[in-house]
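Which chain is which? They are A, B, C and D, in the order written, and residues in each are numbered from 1.
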């Protein structure tokens, strides 16, 4: 298989392992030839897939002449730097979100990527979830007609550790960013204005860490399309990810899969299982499909399906949402530059 | 309104009250001019609707020259006799099921009805339930294609009193009779053969009273269509009435309405309300619609939608089912004469 | 039945007929002794229920010494005047919403009602819908825990005639008013602030008539509870009335009943029937239950379950929402006086 | 990993590939050290997983001293022979169903397995499907109470090729065998009697090949438990696999997963996606879980969860069902020896 794409993976945490497994066993025409992880222990998993080269030194990846593309799954604060270096090294790049927490650094990185003409795909995996993709398809087929309103519900089963929250960039930048991207993706236009409410209704420690745990956001798009988003860091019934698109010709809803397809009926009524626990179960398929989409775009030399500009726009919406909460007023995206 | 149909109701028990209310307040072009009930107390309800004539003597109804039609809601053991007398008196007849527990008496009554050319409608109300009617409609529209199999589930929330069971004619004649009629109605052909299992799995007193509480029946129709029926006298989760029709082009299912359209989600999953309690809630609309159908047929001089022959066929199937349980063999309907 | 409450009904339009039927045939211990309708033709329906007195003159109702309570179902622009006169005449009052389109006139009427100590119930019937009532019950039982967010969807199947829209008071006052009341009812606290978007996305004639057809509203309550509302004058799939309450311990959702409980499966998937057509089917039961609640409160001399103050608060929210759309800013309810 | 179990796979058709992938990438503590496939071409897939030994000669597998367990996925007519040889060679055995089409040969094989004390697991994978497992769990937890009736629906999306049908052993032996096993598994007792109907309602070629395409079976178990099964070779709406268990304390239902979790509403109602296409999607997880269960039982030296006796019992029920169709009478399992 001399023509297979050669991949280097940076970071073998939770997402790195998923991408490693998918690239090695499910995706055709690629070869993972190197993996980097800062700890030796984390590299053990690579043995299972007979990866020829394992290293704790990220330079080995960037300097490797045979690597065509890098998959960046390292901590958030390394993303923009690694993207920069990969772009300069002439590699194609798949990068976990976010690009960076700083708009300035993100803009800088995008300039470097552009100059280097490096293909860059951002991992907004939810776009590749088959259920959400069907929502997009129905819109594209014209079945919904003109979109009037969209409602997105995104609730985690439980808040992350306070230590994570402190460096997460805040609810809007860390969690709602997926919903901002999804809203843009579904509408197919740009956000013009944001009005947002954010509260600390759960653990007071979250508030003390400077973050909120509950967000309600109203986005206004071109053509008077309105998207409302509801976020919570804690839904006791499990991970909750739903979308409803209402238009002139119909409505398309995306609902949650449950743990099993059973219904139990007793004296008190009928009982369905819990929602799936979290994103690792809910979006399993989307992780494979986003990687396939990346490889396909590389092989066919077509544009990346999810770009650095997408990441940048979502960031701006998050920043505007933070201003809106602080100042209790609708904020134009054009104010964020 | 001189041209309105004049109705006399016999029996103001549970069903009589329902028909009285529907005829007085919901159905156009009819007038209930007389009601009979053996006890004076039971007649009190008639005052609310200003019924001109109330009586404890059933002869008053049959002899009343202005009554066009009688609605027979008296106890089962009076049905065939009252139908006979009404027919001879030249009245149109709406009769609660069953016509009689004895095949011989039922045959006799049908001969009298036929000779008198009396319009007779039997109250298999489930045919007029909007959900079940939609099942029939989908079949008639050809959406299901050739019917291959039908599965009917009919479960009561709780067994009737032993005193009732003793005079009920048994599970198949009292309860499954609705399902036998529904099976014939949906298939649109005659039952050829019955294989049935019947057990006393609930209260042993039911067995001691000579009855079963659980029935599983396999009906074979012309064209190799098979209908399976499941009956129980006790579903702890409430009244359960479902139908599934499977055919060459599709499947149509009738499900249960629930008490409310709510879903509650907590740590243990998602919870739906109980089924409706029993037939009085589940079939409320069908009681009005069957009466409308009776009145419409009378006014338009069209054939009755559900006939004495329908009742007779369902009886024969019940009798064959009883033989099948006893002898553990498939029984041809032609054996029952 | 000398102790029965004596009722006079004013207006025999759509709602008047429903209340007449319910009072005459379904509610115990009341007697409709008079009905008023401006046209003689509209009074014909009263014959069916043997109403002793029919009149085209509303004074007859107010002056009738035996009438204990009036049910006001006349056009909107008569409501406050008739409530005033009924209160002064010493009658109890059941009044269809809205009390008035003018806040000033509504305040005036409430003062008169208060001085006269007249019991007044406003017909926010949706509170008495069994499905929505179950939502409220789950909240009151503590099953939802602290409420964090509520989402209300209310979509009509088709816009009303332009002639109606011109005198309706606008989308927020005519349609969203039910959702404003429901939000207050479910939260059990007062609205503090409104942010609203309103658009004319359907027939341009609606915009030319000065109204909107699509509304998205974000209400902020005490305790940082947020309610979002989505309204549209046209859902092609039928009447859409849903509520979702999300809290610290669980979530309770109210979904739509469908025309029948069938599911049809064919090559293209599984198909469910349409939603119910409109409020006349969807809220049928609630009309009976609100009247029962009125009669019960009168008989037991308990406070009215839905008051003039409730109507007033909902009006203020509607007025604030209109300001918010105009000025594109969050508006405090305290600004509306 | 010197203590890992060494596996040889026989046959790299559809199921062999699935087991290869699962054993190589998802299951801990095992090593596939050899694969056999009659064609060289079929062996190519093994390269992806770096399998040290590939062969077209099955003897290589049986004679290999280091292989602890074999996974038999070769054509049906080789199963009993290969199981015999693996048992004699001292290997543990995982075998796809059926053991054999001949009761005599199956009995002979089970004797050899018993003498050799070879661990043997039969691949009735549906028992390991999470949804069906939850059904079994609810029964074991006592939530259903005493089982009264079970209804199993099993419908393929499309009939297999006539060439396959000719050597399949017939509908009951090829397809219903899963349902017979599931019925025994859920009830936890033995079938006593079978009454079955079988028809050729689809393509006449199926009938000409001596098979049926539609089966309706009524199984009677100890304790008067009844299981009804509905089979069809063609459900136009996709693969249909459902179970309903009804008991004294409750009901547990297993429903179908759909292609996506979307609902689309338009003028004609609400539309859900198709069922999954076939067993490869529907039972994906169960293939991994059955292999895990096999490996776990080997490592922990516990009894195999699904045994040769299980396969034998299911075969007998299939044989009795065939007799029942032919003779139109209930057939005791004890008649089949």
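In this section, a contact is a pair of C-beta atoms (placed from the backbone, for glycine too) under 8 Å apart; a residue touches a chain by one contact, two chains touch by 3 or more.
Owing to the predicted nature of the structure, the values given are computational and were not obtained by experimental measurement.
Visitor: So if I look at the partners of chain B and the partners of chain C, which chains show up in both lists?
Guide: A, D
Visitor: Which pair, A-D or C-D, has more C-beta contacts?
Guide: Looking at contacts between chains, A-D has the larger number.
Visitor: Which one of B-D, A-D or A-B makes the same contacts as B-C, at least in over half of the residue pairs?
Guide: Answer for B-C: the repeating interface is A-D.
Visitor: Taking each chain's centre as its mean C-alpha position, how far apart are chain C and chain D in Å?
Guide: Once rounded, the distance between the two centres reads 58 Å.
Visitor: Measure off the straight-line distance from the CA centroid of chain A to the CA centroid of chain C, and report it in whole Å.
Guide: 43
Visitor: Please report how many Å separate the Cα centroid of chain A from that of chain D, as a whole number.
Guide: That pair's centroid distance is 39 Å.
Visitor: Going by the touch rule set out above, which residues of chain B reach two or more other chains?
Guide: Residues 236-237, 249-251, 265-267, 273.
Visitor: Pick one for the touching-chains graph, please: line, ring, star, complete, other.
Guide: Contact pattern: complete, every chain touching every other.
Visitor: Within their complex, state which residues of chain A touch chain C.
Guide: Chain A reaches chain C through residues 146, 148-149, 151, 153, 155, 195, 197, 199, 201-202, 214, 216, 218, 220, 224, 226, 228, 230, 232, 234-237, 246, 248-251, 328-330.
Visitor: Which of the residues in chain A come into contact with chain B in the complex?
Guide: The touching residues are 236-237, 258, 265-275.
Visitor: Going by the contact rule at the top, pick out the chain C residues touching chain B in the complex.
Guide: 21, 24-25, 48-50, 130-131, 133-135, 138, 143, 249-257, 259-267, 273
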